[in-house]
Amino acid sequence: MPQPIRESALPNNLPEDLKPLAWLRKPDWPALHKKFRPWLQFKVIAGGGTLTLFVLLAVLATFVSPFDPNRQDLMMAMTEPQYFSGPHFLGTDHVGRDILSRCIHGARVSLVIALSVVVISGAVGVFLGVVSGYFGKTTDFCIQKLVEVMWAFPPLLLAIAVLAFLGQGLAILIMALTLQRWIPFCRVNRANALTLKEREFVVAARSLGATHTRIIMKHLLPNLMQSALVIGTFAMASAIIAEAALSFLGLGVPPSTPTWGGMLADGRTYISTSWWMALFPGMCIFVTVLAINMLGDALRDILDPKLKRSGAR
Amino acid sequence: MIAYFIRRLVGTIPVILMISLLVFLLLHAAPGDPAEMLAGDQASEADILEARARWGLDQPVLVQYWRFLINALSFDFGRSFRYDESVMGLIAERFPASLELAIFATLLAIAIGVPLGVWAGSKPNSWVDHVGSIGGFFGISMPNFWLGIMLVLLLAGSLNILPSSGRHTFGVPDDPITGFLLIDSILGLNWESFKDAMIYLIMPAFVLGINMTGILMRVTRSSMLETLSEDFIMTARAKGLDERSVIWRHGFRNALILVITVVGLEFGALLSGSIIVETIFSWPGIGNLLLQGLTARDYPLITGVVIVYTSLFVVVNLIVDICYAAADPRIRLAK
Amino acid sequence: MAKNSAARRKTFLAALATAALTAGIGEAVAQTKTRVSIGVTETIASHNLYADSVSLMYAVFCQSYGCMFDRDYAAGIYVSRIVDKWEVKDPTTWVFNLKRGVKRSNGEEVTAADILHSINRAKNDAQSRQKHNVRYIASAEAPDPYTVVMKTTEPLATLLDFLRQLIITSKAQHDALGENADREAPLGFGPYRIRQLSVDNFVALEKVAGHNEVKPENPDEVIFRIQKEAESRVTALLNGEIQIAQFIPPQLVGRVEAAKNVKLVWEGSTEIMFLAMSPKQKPWDKKEARQALAYAIDRDAIIKAILRGQAERLDGPIGPGQYAYDPNLAPKYTYDPKKARELLAKAGYPDGVEIDFYTPVARYIADKQIAEAMLPMLEASGFKVTLKTPEWGTLWSNVQKGGVPFYYMGRGTVIDPSAALSQYFETGGSPRIGYSNPEVDKLLQAERQEFNEPKRIELLRQSMALITDEAPAHFMWRHKLAWGIAQNVDYKPLATTDILAVDIKMIPRQRAR
């Protein structure tokens, strides 16, 4: 059986430009397959593919959407989906705005909300968790009390209160959704940090005189990223749903910004007469959340089988 | 056990205190003043000032909080500005409805999610598994207000098999004993009233529990998968134990602890989700009142309800911890 | 409560013993009673009669406890169950003679002392939200049990419009039971009595047997159920859970029309919808800018597309049927974007101006949708708009402080426009718009103090013409309200949206062959 040629196995005196070509000509399929096999499953492909599609749509929204999402045409209000027989592929809403264009632009806002919520709460949660677990004592006590208090607050209620009282706006919405989502990050990472700090490499680093900052940055954080990633996917899904729920209560972002949640809340009023107004943004939310959840599920299986036990979904 | 219980209960007191302070500050920092909101559409400036003085809103916030604390010690959360009734009385009247809904939703979620998960997990990659998995994801990804309105249109509208909203047919239940209609009707041996309460309860409860159902299904499934591949199951099978016993006696018991965890974690979300579900189904629970209270800036009502919600959440988590110990003897309570 | 629980225990034991029997009897009784359930959208705030100020509850209390006056909207007159006749002694003194023998359901007669007591409660009850109804009453006396003499703080031609919403409660009951009188002794002289009330949930009325206003075809029980969600209100109507559904929104009218077991009934409304522009803030300090806005909006298009024809455009503050309506009122604002741009340029904004537009959400019919539809119209006339939809608590609080420059809102139950005009446009009326014009003030004051009706109508018309021209508010429309009513119920809704149980009649089911 001929040995597959590996890049590292090539003689050093070969012309430079041949190396990649050789790799291209004879890729090491079995090795590659082995390396990436866990990723080659339905959940990852379907979930990742869908998400990529939505992200692309969001980024290219201005180029791909057929209309300005806020362009109205009262005379064309509540046109049924025309598919390929007219300009409004998915129909229009109550003031004659194109649903498809709004769905595409809505992806932008909804994904921005979801991503910012996850990034901010992830950063805050991981940081506090590591600090709490690594330093222990009073720091730990204070942070854990904060966790306890925030966690016991009914989630939707806190968001409602913040939005009702601080007013509307993307930034405030993101803040309201972040308020409690950092907690799972904090809890899991504290637990991980607690075990990690007793491990040999950390003890060794400390005895070599490494500063706390260095230990946290170089030794703890990289080891915590995987679990954070998994929690992040689920937090992202729940943020999208929460945005929709707040829009339902009239507390979402201002109406001129198209979001899926806002569209869904609008569509609810017309649900029995103009089904398309609620169905399509609803589908967008559902498919995206589904994709994120599938990806998260797969990530968990691949990266961190331990998490399954802790009940973080 | 009892010492542990008491220690945990005492430990929750600072948490509840902190939350009440948080709510208090949040409310007072908010724009809008209950006196303005409630003095009526045509009230004059003087009316508003007078209302403010009457409710003590002209005092510094911390003085108000102190007064609130003193009263709260005797479980008196004051009088609702909006409803002119004692907050405790309102909670006692409405909370059973919310709690009945939340508990029934949880039970329904367990009753649907867990068996589905067990079934799917015991037959990996069969059609049951695939259909179940999609169903589980469906439950997790479904905004419940959307499902709620869809079901009203379908089950109450087109099919007309369930009532669209409310908690019971007017005049059907007898004198309430506990406030939980299902329990009341059982105590009163009143089949008619039980049936009535049930048909009103089933749809909102299903909607409220949909997310938990999905999560429970997924979690049970993966736990089953994991357990069934372990050595002791092989041994059990090799011993000739029939498949049903293997699944239920061994596989399920291991999944149980996860189920308890998930219920504990998700109960808070479910409880606050009930605010939306109660609005859709005109369910006469506390969530409905709370929304009205928020709009009217009814400080005593909001604070009281939040404290009750929080306490309930804390208690549920305590129960969860005790259930852990019951389900898994290896876990000791006193830590 | 203690008494109740003992009774409950007894019921419980009895039920255990004869469960099947009681159930059977309960059903038999329920079948003979007629019941109408009504899905309503407002709120039920309290057992305390004076602690509520929504029109639903005014009507509920008026037909159970009883009230001083009622307005017959169609005939344009005030009617009263307890006042026989009244006269204006001098511009600040009114004398009311009460009917004799008006009795509450427990046999107690309604006397002048009850009226004084009721005024006192509206004025001084700790929870009262009805102070505005008695604000102008300086003093009230009862020289004898059937006469009430009221002195007003200033000459006030519109006193009856304020007294219209004065609920009459019993002094004797209040003396005996104190604060709990409202809850424990819901006694009144109205044709129905309150059987049960659950805040923000439902209120159940039952017919008072033998009352002279009730007829056999009136339902024995009327239940007002709060159902805010329009879809479920309509669904409940269609499958017979309720018999009357208030406010069918435009998009659901088709669903009700298509159903066989219900009918759709239309009625106008006395709520005026308007856009308020606070002259305290730019650009609304310029009359031209305000007028420009009025010309910029195509109200007919909005009525057609969003409200599906279910509104009457308003030219001026009020419309036909409301007191002192003037069909020839000028100016009339038509849709004219060109003129709007010219006026805006005249106001000093040739390149347009940035404005914030506030609207409540789901408080009025299609409020947010209407606001959205206005955006391109405003943009086309040079207004660069940011639409804001704050939560109602925040918005309302800011409106009442006068902090909102430009907003969409409604003023309900405008029959005689005097109070509403004064509230929004008179200096010191309220800070909501912050408009102040000595000329308008003078007209409104004169109008209130004018007892000669034709003269008063003339003054009102002048003030409304001036307000329309000055345009601190642009009056939009009055909604036409659609009510869904079951086929076996006969009911003609009122423009005031008050629901009176005596107007509801059961149509006997046609006997099978």
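To keep things simple, chains are lettered A, B and C as they appear, and every chain counts its residues starting from 1.
Basically, a contact is a pair of C-beta atoms (placed from the backbone, for glycine too) under 8 Å apart; a residue touches a chain by one contact, two chains touch by 3 or more.
Note that the structure is predicted; figures quoted are calculated from it, not measured.
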> Whose Cα centre is nearest the centre of all Cα atoms in view?
Replying inline: B
> Hey, which pair has more contacts between C-betas, B-C or A-C?
Replying inline: B-C
> Where the centres are mean C-alpha positions, what is the separation of chain A from chain B, in Å?
Replying inline: 27
>> Centroid of chain B to centroid of chain C, CA atoms only: how many Å?
In response: 36
> Between chain A and chain C, what is the gap in Å from one C-alpha centre to the other?
Replying inline: 48
> Which chain B residues touch at least two other chains?
Replying inline: 30-32, 149, 153, 157, 279, 294-295
> Which parts of chain A, given as residue numbers and ranges, touch two or more other chains?
Replying inline: 164-165, 167, 268, 271-272
> What are the residue numbers in chain C that touch two or more other chains?
Replying inline: 231, 391, 393-394
> Of all residues in chain C, which touch chain B in the complex?
Replying inline: 4, 7-8, 11-12, 15-16, 19, 23, 27, 30, 35, 37, 43, 45-48, 51, 53, 126-127, 129-132, 135, 198-202, 204, 223, 225-229, 231-232, 235-236, 238-239, 241, 391-394, 396-398, 400-401, 412, 419, 423, 430
>> Under the definition above, what is the set of chain C residues touching chain A in their complex?
In response: 230-231, 234, 249, 251-252, 254-255, 301-302, 305-306, 361-362, 368-369, 371-373, 375-376, 386-391, 393-394
> Tell me, which parts of chain B touch chain A in their complex?
Replying inline: 14-16, 18-19, 22-23, 26-27, 29-32, 137-138, 140-146, 149-150, 153, 157, 215, 218-219, 222-223, 226, 258, 261-262, 265, 268-269, 271-273, 275-276, 279, 290-291, 294-295, 306, 309-310, 313-314
> Across the complex, what residues on chain A touch chain C?
Replying inline: 70, 72, 74-75, 77, 94-96, 163-165, 167-168, 250-251, 254-256, 266, 268-274
> Contact residues on chain B for chain C in the complex?
Replying inline: 30-33, 36-44, 47, 54, 82-85, 90, 93, 149, 152-153, 156-157, 160, 163-166, 170-171, 174-177, 187-192, 279-282, 284, 288-289, 292, 294-297
